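I am attaching a structure below and will ask some questions about it afterwards.
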Amino acid sequence: MDNKPLPKWQNTLHEIIYEADTPAGKFFDLMLFVLIIISVILVMLESVQEIDQKYHKSLLAMEWIVTIFFSIEYIARIISIKKPWKYIFSFYGIIDFLSTIPLYLSYILAGSQVLLAVRAFRLLRIFRILKLVKFIGEASQLKKALKASRTKIAVFIYVVLILSVILGTMMYIVEGNEAGFTSIPRSIYWTVVTLTTVGYGDITPVTSLGQFLATVIMILGYGIIAVPTGIVTAEIAKSGKDDKKDIDKEPMVHVNTQACPCCGIGGHRDDASHCYNCGHGL
Amino acid sequence: MDNKPLPKWQNTLHEIIYEADTPAGKFFDLMLFVLIIISVILVMLESVQEIDQKYHKSLLAMEWIVTIFFSIEYIARIISIKKPWKYIFSFYGIIDFLSTIPLYLSYILAGSQVLLAVRAFRLLRIFRILKLVKFIGEASQLKKALKASRTKIAVFIYVVLILSVILGTMMYIVEGNEAGFTSIPRSIYWTVVTLTTVGYGDITPVTSLGQFLATVIMILGYGIIAVPTGIVTAEIAKSGKDDKKDIDKEPMVHVNTQACPCCGIGGHRDDASHCYNCGHGL
Amino acid sequence: MDNKPLPKWQNTLHEIIYEADTPAGKFFDLMLFVLIIISVILVMLESVQEIDQKYHKSLLAMEWIVTIFFSIEYIARIISIKKPWKYIFSFYGIIDFLSTIPLYLSYILAGSQVLLAVRAFRLLRIFRILKLVKFIGEASQLKKALKASRTKIAVFIYVVLILSVILGTMMYIVEGNEAGFTSIPRSIYWTVVTLTTVGYGDITPVTSLGQFLATVIMILGYGIIAVPTGIVTAEIAKSGKDDKKDIDKEPMVHVNTQACPCCGIGGHRDDASHCYNCGHGL
Amino acid sequence: MDNKPLPKWQNTLHEIIYEADTPAGKFFDLMLFVLIIISVILVMLESVQEIDQKYHKSLLAMEWIVTIFFSIEYIARIISIKKPWKYIFSFYGIIDFLSTIPLYLSYILAGSQVLLAVRAFRLLRIFRILKLVKFIGEASQLKKALKASRTKIAVFIYVVLILSVILGTMMYIVEGNEAGFTSIPRSIYWTVVTLTTVGYGDITPVTSLGQFLATVIMILGYGIIAVPTGIVTAEIAKSGKDDKKDIDKEPMVHVNTQACPCCGIGGHRDDASHCYNCGHGL
């Protein structure tokens, strides 16, 4: 088995980058978080024309600083882990990669700024960086409840979509071009806007029959909106109860934010000496 | 009793069309589903003027292909079942018929394109085609919860409608013609738009009194929206619990998507040899 | 005690008007319901200018027919009951009176059409007319749940109003006149429109700071909308459970729509021979 | 210990201002509440240009009356309590101060009218003034439920914000300047408007791709809105149950609105002779 410890420099790097137990690790995490926030704000400011025209050079310079730091961090993450592919193809690995390359790509490809949106995903790291174990617990409970109601919600959305197609086609026939219902896809867009109670008002029915139909759709949407709420609520209420029962029955241990130097998995027991996933020494 | 088996060719056709156990049946179902999706997309594309002007002929040709396939399928469904009337007047039978005829009708009747909207209902077949037994289970649970809260929701909608008439009339008197409240029906339309929190903004109060009244209506709507949600949630939570109890008490069996060759009903036990509805051999 | 039975003609009239057990009573109730619906539709049609201009005379004639019938019914209700004041000052008594007088008043007072809106309340009679005992049960359960959560909802609405005043004043200061925030009351109107997720769009923030503040208000509204829903849901779920318990513990009897000829109260036991309220013979 | 009673005049003042047990105290509280409402209405009226131009002098005079009363009340509150700093830096102490100074400040600072919004917070005093112990109980139950679901809601809002940044950036790239998506911050504003189902309609997608994306965002928002509702509902339902249990198990006593003359804390037992917080005699 490939269970020998990492060389010392690699181990130190791993502790700094992947963990938050040492002062250096804490400082690295905090700095990384500040840089992620700066990188997201930069993308926003660049998109505001007045600001971009005035401070174009400063913004570009800062963008380069962020990109270079992200590049170094990305490489450091790869070389300080035993199985780099596991990191590269993990959720965070892909996001880290996509957050780093847009500036390089912008010299080759025109529309590469699309990738800048990906950076916002890095904000999810806050949960690990700030050691918000409690938050992670709540988040995972929410995730569990949403996962449990996944099938129900899928069925529900599918039925809503079919309904939207049918009602949209009806409104297209009833209202016609003058009111903005210029095609069935646009009518379906309007129906979804109405059923979800968003109601922009960019397209509105003008004929009496159309307004009557719209009224029916709205009251329908009123009843329909209750369904996903009901599903999720029932699931959360249940998961809350199950958790309580679990506490009574099963023993629980405290986990920390330490990450395995081999496979990078986190959430180990405080008293763990080996990774529960790959068996590597911690 | 009329319990003799179907002739062989009819039996084979039945297996292909109504069931999804044989490779031929699976292929047929998949092809049917693809054609249903194509037929819905065709209806949408035809409604977009730019596309229809450019590709009118191709779209019409494809519409004919879909229509002819649907026609054949409809006839095959009728001749391969023992009691065709049961199919013809079933929910799916009527939808299949209405999805097939619009193109034929368009040469006789002008407004027959209305029927095209019906096609979207065929998308509901996905549940049977993809053998999504789990989905069907969830759907039926949702349906049960909605059914149980049917009376409560009816009472609620009736009261909301009465409220809309009263508040709409009040707004009509307060606001008058300038603000768009040109008649009581239009005012009622506005009230429903407001109570359901859709809020298009095509009609909005402009006088101080009207805006004050609108504020009251909105806060009322805020409280009212809670009621259907509460009803459905309570019902779903209860049905979830009841299901759990049922599992403890009553034995359950797995059902499959096989359909009776005689009456066309589905959801038989895996080990069933006779239809639970008409007693015909499976 | 004033417990002697009514004279015969009065008794018969009472049976026809207040009860629905005899064929004559059923016919009267049905006719009344049809007339109520016609009276509401008449009010609506009169408000549509094009229709009113064309059919003014016919509409006025029908309005007179409805008004005369309502007048006769109102008088009959008074003379066929032993304690007329109880009826006159009851909820339905006041509504019946206000539904009858607008046409008479319109010759004396100008703005008396306001009272026409009251007619819609008469639609609530459907519950009694159609003997929808089941519906009444559901309605009373809803009413009980709403009543139980009354205090919580009052507290909630009071806090929302204070919040609206504060946020509205802030938006007035931030946005100013150009964006439509011309005064604090108008800004409060906008805040309620936003907090309740109605969102007309007649007033919208245009400055960056205003849009940022609006974003915060919307997310706040998002969280706030959960509160009344949560209150009502918890109450309905509880009332559902309580009902179940009650069924196990307490015996229940079936009630009918018969009304006491003396005090007019309904909901008597099927086997009742005296009014449970005033002791008068049924 | 500094436990000696207050001098008599101070004690009497304390009873009048902080408590509502004596006729003088009741009168003071009622008058205060009326003045708070007047002060809030004054702020509103001053902001309506037509009214302000006509009645500027009267409004200013009344504003001075209110301000002087508030000033006297503020000073009286400070001198009639043993530990004034506790009051000055309490929630209500700060609000009382900020509600008093705007008029004085307006002669020194220009934008000081911002502080007028703070006055609305004083309306929260109604709970204490009107001795609405029942309301306070309900409010505290709501507060407890919201507090318990605080972490879950924080996680939820954080994820919604990240989602808004990502979806907003996508819409900015897809739609561009013509449709109103002039910068990423504005696009994020639009995304929040859509996700929360407010839907002003001041910015709306015009391209087909943008409308398709908007449809996806709306359906997403539909599902997302269920989450906070589910969280709060589950929490309220649970707190309701816990309360019931508590009643069975733990003894409860009635508390009154009396406030400690030393530290100002309220909610003492009816039979209390010493403050539960500082031990001072009541």
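Just so it is clear, A, B, C and D label the chains in written order, and each chain counts residues from 1 on its own.
One rule holds in what follows: contacts are C-beta pairs under 8 Å (C-beta built on N, C-alpha and C of every residue); 3 or more make two chains touch, one makes a residue touch a chain.
If you're wondering where the values come from, they're calculated on a predicted model, not measured in any experiment.
A.B. asks: Please state whether the interface between subunit A and subunit D is built from the same residues or different ones, using more than half shared residue numbers as the mark of same.
C.D. replies: Mostly different residues form this interface, as fewer than half of the numbers used are common to both chains.
A.B. asks: Superimpose the Cα trace of subunit C on the Cα trace of subunit D, which carries the same sequence, then give the rotation angle to the nearest 5°.
C.D. replies: 90
A.B. asks: Where the centres are mean C-alpha positions, what is the separation of subunit A from subunit D, in Å?
C.D. replies: Distance between chain centres: 33 Å.
A.B. asks: Please compute the C-alpha centroid of subunit B, do the same for subunit D, then give the distance between them in whole Å.
C.D. replies: 46
A.B. asks: Centroid of subunit A to centroid of subunit C, CA atoms only: how many Å?
C.D. replies: Between these chains, centre-to-centre, one finds 46 Å.
A.B. asks: Counting only residues that touch at least 2 other chains, which ones in subunit A make the list?
C.D. replies: 185, 188, 197-201, 225, 229, 231, 233, 237, in rising order.
A.B. asks: Can you name the residues of subunit D that touch subunit C in the complex?
C.D. replies: 40, 43-44, 47-49, 111, 113-114, 116-118, 120-121, 123-124, 126, 134-135, 138-139, 141-142, 145-146, 153, 157, 160-161, 185-186, 188-189, 192-193, 196-202, 225, 228-229, 231-233, 235-237, 240
A.B. asks: Under the touch definition given earlier, write down the residues of subunit D that touch subunit B in their complex.
C.D. replies: 197-201, 229, 233
A.B. asks: For the complex, give me every residue of subunit C touching subunit D.
C.D. replies: Listed in rising order, the residues of subunit C that touch subunit D are 151-152, 154-156, 158-159, 162, 165-166, 169-170, 172-173, 182-185, 187-188, 194, 197-201, 204, 208, 211-212, 214-215, 218-219, 221-223, 225-227, 229-231, 233-234, 237-238.
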